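All chains are identified by letter, namely A, B, C, D and E, in their written order; residue positions are counted from 1 within each chain.
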Amino acid sequence: MASITLDKVVKLYGKVTGVDQISLKVADGEFVSFLGPSGCGKTSTMRMIAGLEDISRGSIFIDDKRVNDLPPAGRNVAMAFENYGLYPQMSLFRNIAYPLYVRKVSPTEVGREVVRIARLLHIEDLLDKKPSDVSGGVRQRVSLARALVRKPTVFLLDEPLSHLDADLRSSMRGELKRLHDLNGATTIYVTHDQLEAMTMSDQIAVMNLGKLQQVGTPSEIFNRPANRFVASFIGEPAMNLLRGRVASTPEGVLITLQNTPFVTLNRETGQAVLETARQEDGVIEVGVRPPDFTVASPEKSGLQAKVRFREFLGETVLLTLDTGAERVRVVAPRDTQARETDLVSLVPRLDRLHFFSIESGMAVAHSD
Amino acid sequence: MKHLLIAPPLLFFFAISVIPLLFTLGLSVTNTSIGGSGSFIGLNNYAQLFSDQFFLRGFLNTILYVVLGVTAQYWLGLGLALLVNSMVHGKRLIRLLILLPMMIPPLIVGFVWQTLLDSRYGPVAGLFTGLHLKPVPWLTDPTLGFVSIVIVDTWQWTPFMFLLLFTGLRTLPKEPFEAARVDGASSWRIFWDHTFPMLLPASIAAILLRSIESFKLFDIVFFITGGGPGGATNTLTLLGYFTSLRSGNLGYGAAMSIILLLTVVVLATLILIVVRRLMARADKAGQQALDQFLAEPLPVKVA
Amino acid sequence: MQSKFNLPKITRWVLLAVWGLFAIFPVYWMIITAFKKQRDIFQGPFLFPFLDFTPATQSWERVFGQDRDDILKGLGNSLLFSSVSALIAVVLGAFAAYGLARYTYKYGPYRNNDLSFLIVSQRIMPPIVAVIALFTMFRTVGLIDSPFGMILAYTWFNLPLTVFILTDFMKRIPLDIEHAAAIDGYKKFAQIWKVVLPLAMPGLAAAYLLSFFFSWNDFILALMLTFQKSSTLPIVITNMSAQMEPRWWLISAVGILAIIPPMLAVIVLDRFMERQVLHGGTR
Amino acid sequence: MSKIDFWVKPAHARLAALGIVVLLLTSLLGACGDAATPTSSAAVTAGAGQAGAKRFDGQTVTVAVGSFMSSGVNMFKADWEKKTGAKVQVVEIPFGDLYQRLYTSFSTGAGEFDIAIYASNWIPEFAQANYILNLEKYYPEKTNWNDVVDKTKKLMYVNGQRYSVPLDGDVIIGYYRKDAFENDQNKAKFKAKYGYDLAAPTTWQQYQDIAEFFTGWDWSGDGKPDYGVLEAQGPKDVGPFIFSARAAAYAANPKTPGSLFFDPDTMEPSINNPGWVQALKDWIAIKKYGPAEMATYGGGTMRGNFVAGNYALALDWADVGVQAQDENSSTIKGKLGYYVLPGSKKVWNIKTKAWDESSEVNQAPFLGWGGWHGSVAAKSKVPDAAWDFLNYLDSTENSLKAVTTPGTARNPYRTQHFENPQLWADSPTKYMDAGPYLQVLKQSNSLPNTQFDLRIPKSGRYSEVLDNWVQQALAGTITPEEALNKAANDWKQITNEAGLEQQKKLYRELEGLS
Amino acid sequence: MSSVKLEALTKKYGDNLAISNLNLECQQGEFIVLLGRPGAGKSTTLKLIANIEELSSGNIYFNDQLINNIPTENRNVAMAFESYALYPHWTVRKNLEFPLKAPGRNIPAAEQEARIRRVAELLEIAHLLDRKPSQLSGGQRQRVSLGRALVRPASVTLLDEPIAHLDARLRHSLRGELKQYQREQNATTFYTTPDYVEATAIADKIAVLIDGQVRQFATPEVVYDEPADIEVATIVGDPKMNILPLAPGATRLEINEAWLQLPPLPPEAGYIGIRPVNIQIFENAHPYAIRGTVYVTEPMGYEQVIRVEAGEQLLNIKTLLTTGTFSIGQTVWLQPDWTTIHVFDRSGQRLKGGFH
């Protein structure tokens, strides 16, 4: 078991900066996800922790020991690869046994361990097969088994579920979570899928363009996104971001969308919004998650919008609406009457609004 | 449509391969010589071959050339491919340089090496003298002459091996190798456990191709030693050429050619089998310890 | 990057340098020999121009003077035969390889594998087995010493190789890309021409290059099947040196010329071979 | 990272395309160049036609010639073409493949060649098979016939009829380094060691002594140890001729003429008799007086090496003499001495099966390979033009020009060539001291016991077999006796295959016995 | 722009039956989604329509004309491949141009340009037109592949999981736009996906494919509310509908020594199905509830999915995050809402009618 500390880690590819000054602490036994779109530097960061790539600048510590110059073998980390990285010429048994074998573990011990892990992952019947003879799901589990069998201090999982079909992905998600719960090893999990990060992690580190955007628990990330990027990356469908004018009124701070009053904030929340807006031509970005609108008849006060698409999702419907300048998505109960081309009024939940600076994109306030 | 696609090579096969083969087969059972008509003499030519010490020597030489030359070329080519593959910069230039020997017509190769190895005015001898060693009679000692040919052949054709193996290396997936590094395997282990076995198909193809080409070894020997001293460096192709075309003994030469062909076919098959076995064993040797678990009943119960 | 063989960098460079020296030195030797007089050759070893010996242009005077026509003829013939026969071998080989990769053949007991073995097995046959018969056949139809005959012979010689190399490449081209072309409204020939062949480019380039090398370096077929008109460079050089005196300075000079075309071919085609054409086409 | 996606960069694409286009264009140019040659010659012919009809207008004479002899032909081609309006096409055939090529061409009757220029050794075989034309009807018009050296004349006759035009005289002679031999110190040292004066060797024993004497020390003054001797001992080359030349002294007994290669009565091979064995032992013995690579040297390499200095003695045709005059190759211009092939005081007698010993040295110069001759193919469609061209090559003026030009492979064969050393000094060779050279050549050609090479059919195979076994003995894998016995066995087989009686008849006739 | 009729399509690979007796009929301009798990035969069906795969038996009609023997290039179908199948040696623009320039199409250059522009804007790839596929991300490649299928007029447009690899934002916006675009073109569209949300969102009609057969062919609402059988029911909905087997003639459900009274059911009932949102979860013992152990919890935004081990069953429950926080191994009580159950017979077929 180990903690991991990244101290201003930088990765340069020629002149391109792949990872820009990442500092992060992963506590012993934590499950931390690196989340971000492809090319955001999350995989590079993990590979630097694994020792597969050189660290251009900064330091990485495992248990307070600087590991910059240690080869992968010296770091006692185990890794599962996106494409599984199985040894194609070896049987599944040998694949799983390999890390023990190179450590010259006694044969009996190897056998015992491999079988134990294989049973845990329900692949004990397939051990004499070659990777090419088994399905993606099995390969994925073999890859995990190979990482698990070593009892490493740190687990690195690089998008291990991305090539599985939906059913398997959702069940493996649960299995992985349970596995972590059982063995408690420090785990770093790289993914571009916000759902995976949200459902599994203790902490999420959201990354974009090589930079760390926010670190926090899933709930923090979801409810108090640090900036526009985090806000729109987390949650599906994505948060609506709308431009609003800010004005100070006696009742509080009034936000106007499309020249119609949208919401009035109390003084405490409004102050920060007001200050930011003053520096930015009186404009602010309002974030509203699609479930946080209520669809009402057009005569009700709220954001006026015309339904563009109505998509049936089972329990709910997803409405895509035009407000004139912007497009808004709303998740509504399936009995909502609005049909395509209908005019409706959208009423936001006042306690779930987010405000971002137009220029910097940083969160200014959250109305909860 | 599909028949049309494959017609030309098949046509070539029948027109320019089968007919000459039959022709040569026919010649080999006669005593035809240039300057005289031949008559049917059955398998006499073949019988004679096996008491002909030049032929036997040439036969042995040919096989040794193939075995020694191809082995040397394989390991050197593999080493070079690994080295170049691990480079980040300058790959293209290095590759061009490595391929250079392959581009030189054997005739010129023959001349260059003949002078290089000359014990009197060759730079190799100069090097030996410079190191206070006795110059070695590279071309005039039967054994060394043989070794020299292997060296030159290796010089010229290692690039070919390199080319095939390098291409093979580049098509390997990279994740298993990273996995092995994380799993804690040393470079040496990674090579034996992964690179080598995964390169197996490319290796077999390369070895087979080179072996087949090696059997045709002719020009280098022709230009460097002419088969000497005393026939110590003769190859079957060289002998066939001299017998058929220089001394005009077409029937006998044809019989030699046929034996050569048979040898190639048999040895190519054998090499295929042996190489596969050897490589499978090399793969296994490193893994034997693990293999026995599969045979053993799985010993432990899991809670 | 993959399968990084983690020797220390220095060791790697040293090993490469050792091989480099071994590979390049004979070429260097050839180059300096082209600037020696014959007596310098036999009194050597002289390694450094201006230090050991005074460079002479004797060989180049002959190359561009007395022997120019012969050398040009040899060079021209070699280029013509090698480039054209390699082209034909690659085109025919590509079509055959496409057939073997995409269709199922059944001629009596012969299936795809047997057919490709038949084709490739021709390469196993040492030329010495066939040359006498070939000579006789070519004489009968008047192909001796004709460019057409030589191109035919080299095509025969190289076709098995190109089929062998290209079949694998063709198999690697995803079927879906061809299907896409069909969906887009193109007939089979257009599919092959516009889509398959460009994608097989690295293979085509490699096959072309190897064919070119083999034809360029051939000695025995040219020896048998040409007299004068169609002599290739190796034959011209052989004739030039012969037994009167070993004009190694001259051979070296021609040798330098002889390396240039294959080197150009490598430089040009190397770019194609490096290309990962398939990259990006599919998921 | 280092991968450059080719298609990404149009500049590269264009460059590559350009490269391919250039490559193809060059090849096409090559083809055009080829095609252009006949056209331009045709133009020349047409031009000549306008000037007035010439003797062989529009005829083409195709000449097959061993590769390195071609310049001796090419240098006269244009002149003759201009004179006669005919066209000459020279077909060079690699030296080693000449016999086989000519044979297949003649025997399948394709009539590709009008003229064959080849070894005189093959004349009997080709004449007998009617592949070449009997030239008697043309000879009366030849004005310079009498001038040809006697021995060379004899080479042209089969059944008393002439079948060739001589272009070259081949006899093997000895060379030595005059500068080393005339050095007083060396002389004294030699005398002290061997008890007789240092001079050009007259016996093989002396040859060996001298070789030993000059081996292993720097007598040439270039700072490196030198060697006593250089001979072409390489396989598949001129070895059999040099070896036969050495054997002649021991095995060509004037009492039993024509017995060098076979017993003319039985056609039993003589090559395994003690005379030949002695010659082979001698030949093996001199290996240690030359560089190790001597075992790989053919005639050409040997010549290049010898004239570069460092060797005291050599055996060769007349070529070394000419080549030594070329200062690009040679460091020994003006330092060369010559001698008729050494002889022996004992010579084997095949009849008595014993050595005939005498105080007289038996000298038997050897006309190895027999020299280049030209013949007209029997199937030629333009025999008159062919003859005329050969005659032109052999004209008094041209032959002299040819033999005095280096690199023609043509050596003196007419008395006129021998008689005036000044002509040599004035020639392109600038042979300033040709007198002694010509003297030795002339003498070698005209001694009573001068030996012809083996000229019966299949001579190529006989010498191939001999070469194979002798090479074995040289390499030390078998004894000289064994080697020659095996060679003799193979010779018997070849003779039987070709027909013993027929071979015997021809052998006797050519040796002037029947 | 044709109507399409698939009649008894069958496709065998060796002895393997990939498609067996598949029937489907659609009107011109309809948007049909083939929904099914990987390997259900969705792609194969599209490939049979395109004639990329050869029919083993059956008939295909476009506009009531039998087209079995018409080769691919003459069928005038457009297709986006699951593997993208872009031409890697050409730029995006050339990739899009290629189908427009095909022999016989004779589309004026100006119209070609206009079509490319339109599609490029629709798919947000206008800025990528001069790049090669190798310079694009996976999602961009997929959009190019989709663009190549949409750029030209076609009798039928076949889209094989065309937006599966786009990021969430694009997937959501493109879904609607895609349907809108096809409607404007009046194009008949076949669209495959394993994702029921995508299917219900976009389809005029969904054909649920299982083992090479159409199990249900209906509007999204019908498929969701009245799944034809258990397998359809478990494909549509995430997390999966919980399926509980019934003992023959059972009137109550027994789990973990507790039992729940069932509503009256017909005797042939073999299974009941209940969607995860229709089970309530309690931290404390609750009347009319069964006991279970939390297997795993998955918070997602405002909601959470809790998997609970109850007897032999692993039940999915979807509820708001505000319901409470549960940890692995915790004991919980579950109460289904009987008014929303689906009832299936022993072979898995839906039993009609309400049962509450």
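To be clear about the criterion, contacts are C-beta pairs under 8 Å (C-beta built on N, C-alpha and C of every residue); 3 or more make two chains touch, one makes a residue touch a chain.
The shown structure was predicted, so the numbers you read here are calculated from the model rather than taken from an experiment.
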item	value
Most widely separated chain from chain A, with each centre as the mean of CA atoms	D
Chain nearest the global centroid, as defined over all protein CA atoms shown	C
Winner on C-beta contact pairs when B-C is weighed against A-B	B-C
Rounded Å distance, chain D centre to chain E centre (Cα mean)	90
Distance from chain E to chain A - Cα centre to Cα centre, in angstrom	25
Rounded Å distance between chain A and chain C, as computed from the means of their C-alpha atoms	54
Multi-chain contact sites of chain A, meaning residues that touch two or more partners	none
Multi-partner residues of chain B (at least 2 other chains)	88, 92, 173, 194, 245
Contacts with two or more other chains, residues of chain D listed in rising order	1, 5, 7, 97, 104, 237, 298
Residue ranges of chain D touching chain C (in the complex, touch as defined)	1, 3-7, 12, 15-16, 19-20, 22-24, 26-31, 33-34, 64, 67-68, 70, 89-95, 97, 101, 104, 108, 110, 112, 222, 237-238, 298-301, 303-305, 307-310, 319, 323, 327-331, 407, 409
Complex contact set, residues of chain B against chain D	31, 33-36, 54, 88-89, 91-92, 114, 118-120, 137, 139-142, 224-232, 242, 245-249
In the complex, chain A residues that touch chain E	37-39, 165-167, 170, 173-175, 177-178, 181, 192, 194-195, 198-200, 218-219, 222, 232, 234-238, 289, 291, 308-309, 311-315, 318, 320, 327, 329
Residues of chain C that touch chain E when the two form their complex	174, 176-177, 179-187, 190, 195, 198-199, 201, 276-283
Chain A partner contacts - residues on chain E that touch it in the complex	37-38, 137-138, 167-169, 172-173, 175-176, 179-180, 194-197, 200-202, 220-221, 224, 236-240, 275, 277, 295-296, 298-302, 305, 307, 328
